[in-house]
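Next, two complexes with subunit A in common: one pairs it with subunit B, the other with subunit C.
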Partner chain A sequence: MSIKSRSQRQELAMLLPAVIFLIALIVVPFALSIWFSFTDQRLVPRPIPTKVIGFTNYLRMFDDPLFWQAIWNTVLFALLVVPFQLAISLGAALILNAAIPFRSVFRAIAILPLLLPMTVIVAIWAVLFRIPNGPLNAAYQWFAGSGNYVDWIGNPSTAMVSIVVLSAWATFPYQMLIYLAGLQDIPQDLYEAAKLDGAKSWQRFRYVTWPGLRNVNIFLLIITTIGALKLFTQVNILTKGGPNGATTTIIQYLFQQGYATQKVGYASAVAVFFFLAVTAIALLQRRFLKNEGEA
Partner chain B sequence: MADVRFSSVRKGYGAVEVIPELDLTIEDGSFTVLVGPSGCGKSTLLRMIAGLEEVTAGTITIGGEDVTHRDPSERGIAMVFQSYALYPHMTVADNIGFGLKLSGLPKDEVAKRVADAAAILQLDKLLERKPRQLSGGQRQRVAIGRAIVRKPKVFLFDEPLSNLDAALRAQMRVELAELHTRIGATMVYVTHDQVEAMTMADRIVVLNGGRIEQAGAPMDLYRAPATPFVAGFIGSPRMNFLEGQAAKALGGDLVGIRPEHLDISAASGLWQGRLRHAEHLGSETLSYVDVEGVGSMTVKTEGEVSVAPNQLVYLSPREGQLHVFNAGKRTSI
Partner chain C sequence: MKQTLYAGVALAACLTSSHALAGQLTAWVIDGESEKPYFTQLEETFNAKYGAQGTTLDVVPIPSYNEAIQAATLANDLPDIIMLDGPNMASVAWAGTIQPIGDLIDPEIVADLLPAIKDQGTYGPAGEFYFVSPYDSGTILWGNKALLEKAGVRIPTTVEDAWTREEMRDALEKLAALPEVEWPLDVKMNYGAGEWMTYGFSPLAQSNGGDIIDRTTWVAEGTINSAANVETLTEIQTWNKNEWIVPASAGDNKFYGEKTAALSWVGNWMWPAHREGLGDDLVLIPPPNFGAAGPVSANGGWGWAVPTSSTNLEDVKLFLNYAMSSEQVAAYADTTGYVPSRTSAIPLSATYGEGGEGEIFAKLADCCAVVRPVHPAYPVITSAWSQAVVNILSGDVDVKAELDRAAQTIDQDIADNDGYPPFGE
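Entry: the complex of A and B
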């Protein structure tokens, strides 16, 4: 009894530094956000003291059509980018995992986007998207005839898809590397056993590779979804949420409210809502996928 | 008819020649064990029969049909892997029936054949479990079950028992031998363990560096090993070897004598030595004797032997039990 509690005390003492960091860096700011969300706190303090205003920020937020548009845009972005990005990551991982010539060269090339800051990537794509004669429009003119062009990021009907493609390209190598590690974890014997059982290559994928990647898939689905819900940099540089709110995301909205219009209390309410929503989605995904596998 | 025939088969990985030209016939219905030290090419041979490894040159026939370039699933073979290679997310029943399902057999027929195989292997109660919920021995049975449902002409085993503990290994040896008697199909079994080879095989092929040292019935290999390698590999404890003057005196450049064919005596004998250590196993005694001009010799004697360490003893080979080799070949009959 006393031995146990002593060793427990020791364990707690060893955890302490990490706990302090967590409290200082995560818990305190988060608690502050919750507090601010119930006040009319401004970015630059005014002579009038900050007041507690109850749920006013939340009520105003739920009344703002732009807030709902930001949610819809964010959800749409996640629904589009997650399957698309995971599919190209898995495809690239399968190719790089096969015994192709110059595999290590291709591997190095494939992870290049990871080495570039997002701002640089966006700058590159801004050139690609340029009108009327950027590279993408040059390609488009091959099919549509000269003189035609698409305003990829300026047109509400293509802006979101353009952001999706850019974002997937910018970060797919991360998922690809994790898929590669997952593929290499699948024992070679299983593929050989499947060959002996008469499985064709797509059946080996269906019955060996895909189930073997189950945990990797769950992990990547959650991580990629959270990443997608945080979409900001691309939008902020490229479209500022436009055109006409077509690419305003929650974080973009939060940023506008917190900095551009200085309403920190209001932005905190958005942040708290965002945090709760992301946590709920991640928990639901986990729950759902776990049960499905266990059954 | 399902004999397996290698004709002038060679196998190399890049510039490394693993199997130099090899000819071998594995008789229909036999239990043939390929045995040899690690890295001698046993698995490579087995995997070439299975079609998991391409031959570099030569042909392989199964039951008279050239299968050299056929898909693994179209060779009429089944294989049991050392790791068992069970599909981790499938139940035991699905593991066993997977190949049948892929071949398009109707569901109820698959279920029936899975149930039959499960009955033979006492897996009936485990059919709905996943592999991770099974013990090593049970996994082994599932792997064998997966092989027998396919009714193959040839079974291939790659060190299937090496992940089991000693007691289970002994039990599975018996079960596999009984399975062979019951099914009667050709079985090719790879192991580095000469005990497994001696106990299970009706024919042993001893491999060394990708070459066949000797092939024959277990007792023939024991009685008349063709090369010093086979002499040293088959039999436990290992055969004693005499070189130099001591060997020359007996008519060879190398002479072998098995520990169980030496008599130990305190009075007289061919070689004189000093007992270094004795192991008493009850049913037998192993004596380690330092013989002058020969080196250390092991003697295996039935029952108890009362000898003390450092005691002066005499050793004599039994009549007709010397294995005489000249230039790496057996010259005694």
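Entry: the complex of A and C
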């Protein structure tokens, strides 16, 4: 037996556990959902046989105004939350990277939201959003006068923005940590050189920090977008997609179809569409944003 | 982590070893704090009575009950007796998971059941009896006496003198004018789109002569979006626009905590909280009379069913007749606070008997409760209706269009399942 084939066999053996898990837990379920999407599969057993119904699920999905509303809401959420969340993450990272007193204490405090489960965060924010005299409305009444309040999550025009703020707060520390690592990767001598050239702090950010974060930015843009497109927990607990569908997202729609009304075949069609859409968006982002050093 | 894993494996092993042995019954029950003392009592007294004859009962509370039942169904590993939630029974019966129990239960007991409880257990075009609940639930208008008196509103005490729709509208208007009242009526919008919207709002529709599906043809079109339902929901939508209904984001406690709401439309499970919050100011007001059909109360709850796989039927028969005896039914009600499901058990209950503080609940369960549709499409029916109700109460939404959409969703589902045979044959 040649050395090469033995080492190949060893490599294969080491890969095997991971490959088996990937196939069993990701590839097979996904293949099944592609298959289910062409059938009228139900969640619970039933006495009539499951039928293959061709593209019926897809046609109905494209014909359902609620589906399009869910798509639009999801896109809107991503468009709002991604820049907002990345901006506060970068802002926080810049502050916590500067030589401020008690820096490690502030760093520890800043990542606290990451330690809370989303369900707990939503419960806390539900209290903040409470009308007529929850904490946010108490603040609002300072400006608008007592007796006035905003039903943040109950009003179609503010519900989505409220979910955006909540979501950004809940998950920004993750992006912040990656920015922090990215900032520490930028060589100090670049800043020193810029200072010698007389660059002001804004110019140092614009011409040293920002280009230095290019790879980090691309990575964060892609994963934050994918995360945003998967919005579900906050919405499912706080608004159940309401008011009047203003916060229904694709995953919320999928969950509703698959579990509440038990149409697994239909929900699978939504899942397949969602997978293709997210993949396409991620590929487009990669296509237009090249990492440093890539052609 | 490891320990949880072992505990899970051990639990699974215990659960899978629940195969029927002659003389040994296993019943899976819901794992609720308020039910636990009752189930302990049931097991002890049953074994004391029948243990000597060689029949013993093991009552097992199951956490995450619905998932456990689903898993055991797929694994064909259900015990002799299970509990089901009333509205889910039809799906389970349609799937063939449970068997008829009409022959296993004393005809006297069936004849003694409250009418809506009998309806809740009766499944399919053949009208066979599949399911029996020891208790009933109900909705009522809870009132804050001090606020109602201050507003000069008449407080009905019996079903006969229930408010009409106009009277209720008038009462809400007067209550809204009180300085201490913020939103006069709490209808639990904070429960969100879910079963409550069907449980709580279909009685109002039925009171006005509407329903959520035709119960003989099983067609939603023309019933769920009927003129009567449009009228009912437009009325409630107007109340919401007038700011008479507590919004979802205002929380749960406006009626019993902050006391800025004067009325609350909710089920008997809120009784302890209401009693504690309002004390002597709490009044129980019958459901409003919205129109043609008079006051209607909601109905239903968990009950006993027998899996098709269960073969130990002689012992199951002993169990069902024991658990549904008047004494046991009264004990279930007194332990959990729900209404006894047998007419003969009601006088035995301290709360619901003649002169008891919950007498009106027992009366409503007897006269005016309407069961939710006993049909395998129920998950879709309830989802479509509750979504429509929540949307209609979210603002200036076209009531008819919402109900039309619900009708289409339901009828589509029924067609997709070939009419759910033997229904529609």
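Simple rule for what comes next: the second predicted complex is superposed on the first by the 279 of 295 C-alpha atoms of A that agree within 3 Å, B and C clash if a C-alpha of one lies under 4 Å from a C-alpha of the other, contacts with A are read in each partner's own complex, and residues count from 1 in each chain.
Assume a contact is a pair of C-beta atoms (placed from the backbone, for glycine too) under 8 Å apart; a residue touches a chain by one contact, two chains touch by 3 or more.
What you see is a predicted model; the values in this text were computed from it and never measured.
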{"item": "Combined model on subunit A where subunit B meets subunit C, clash or fit", "value": "fit"}
{"item": "Touching partner for A:17 - first (subunit B), second (subunit C), both, neither", "value": "neither"}
{"item": "Subunit B versus subunit C as contact partner of A:242, first or second or both or neither", "value": "second"}
{"item": "Partner chain(s) touched by A:49 [first = subunit B, second = subunit C, both, neither]", "value": "neither"}
{"item": "First, second, both or neither for A:199, with subunit B first and subunit C second", "value": "first"}
{"item": "Three-chain overlay, vertex subunit A: subunit B-subunit C angle, C-alpha, nearest 10 degrees", "value": "150"}
{"item": "First, second, both or neither for A:145, with subunit B first and subunit C second", "value": "neither"}
{"item": "Which of subunit B and subunit C A:256 touches, first, second, both or neither", "value": "second"}
{"item": "Subunit B versus subunit C as contact partner of A:101, first or second or both or neither", "value": "neither"}
{"item": "First, second, both or neither for A:208, with subunit B first and subunit C second", "value": "first"}
{"item": "Chain touching more of subunit A, residue-wise (subunit B, subunit C)", "value": "C"}
{"item": "Per-pair minimum CA distance [subunit C against subunit B, superposed on A] in Å", "value": "47"}
{"item": "Common ground on subunit A, meaning residues reached by subunit C in one complex and by subunit B in the other", "value": "none"}
{"item": "Subunit A - residues contacting subunit C, complex", "value": "40, 44-48, 126, 129-132, 151-154, 156, 239-245, 256, 260-263"}
{"item": "Residue ranges of subunit A in contact with subunit B within the complex", "value": "187, 189-190, 192-199, 203, 207-208, 211-212, 214"}
{"item": "List of subunit B residues in touch with subunit A within their complex", "value": "50-52, 71-74, 77-79, 81, 83, 85-90, 98-99, 102-103, 146"}
{"item": "Residues on subunit C engaged by subunit A in the complex (per definition of touch)", "value": "70, 73-74, 91, 94-97, 182, 192-194, 247-251, 376, 379-380, 383-384, 390-391, 394-395, 397, 409, 413, 416-418, 421"}
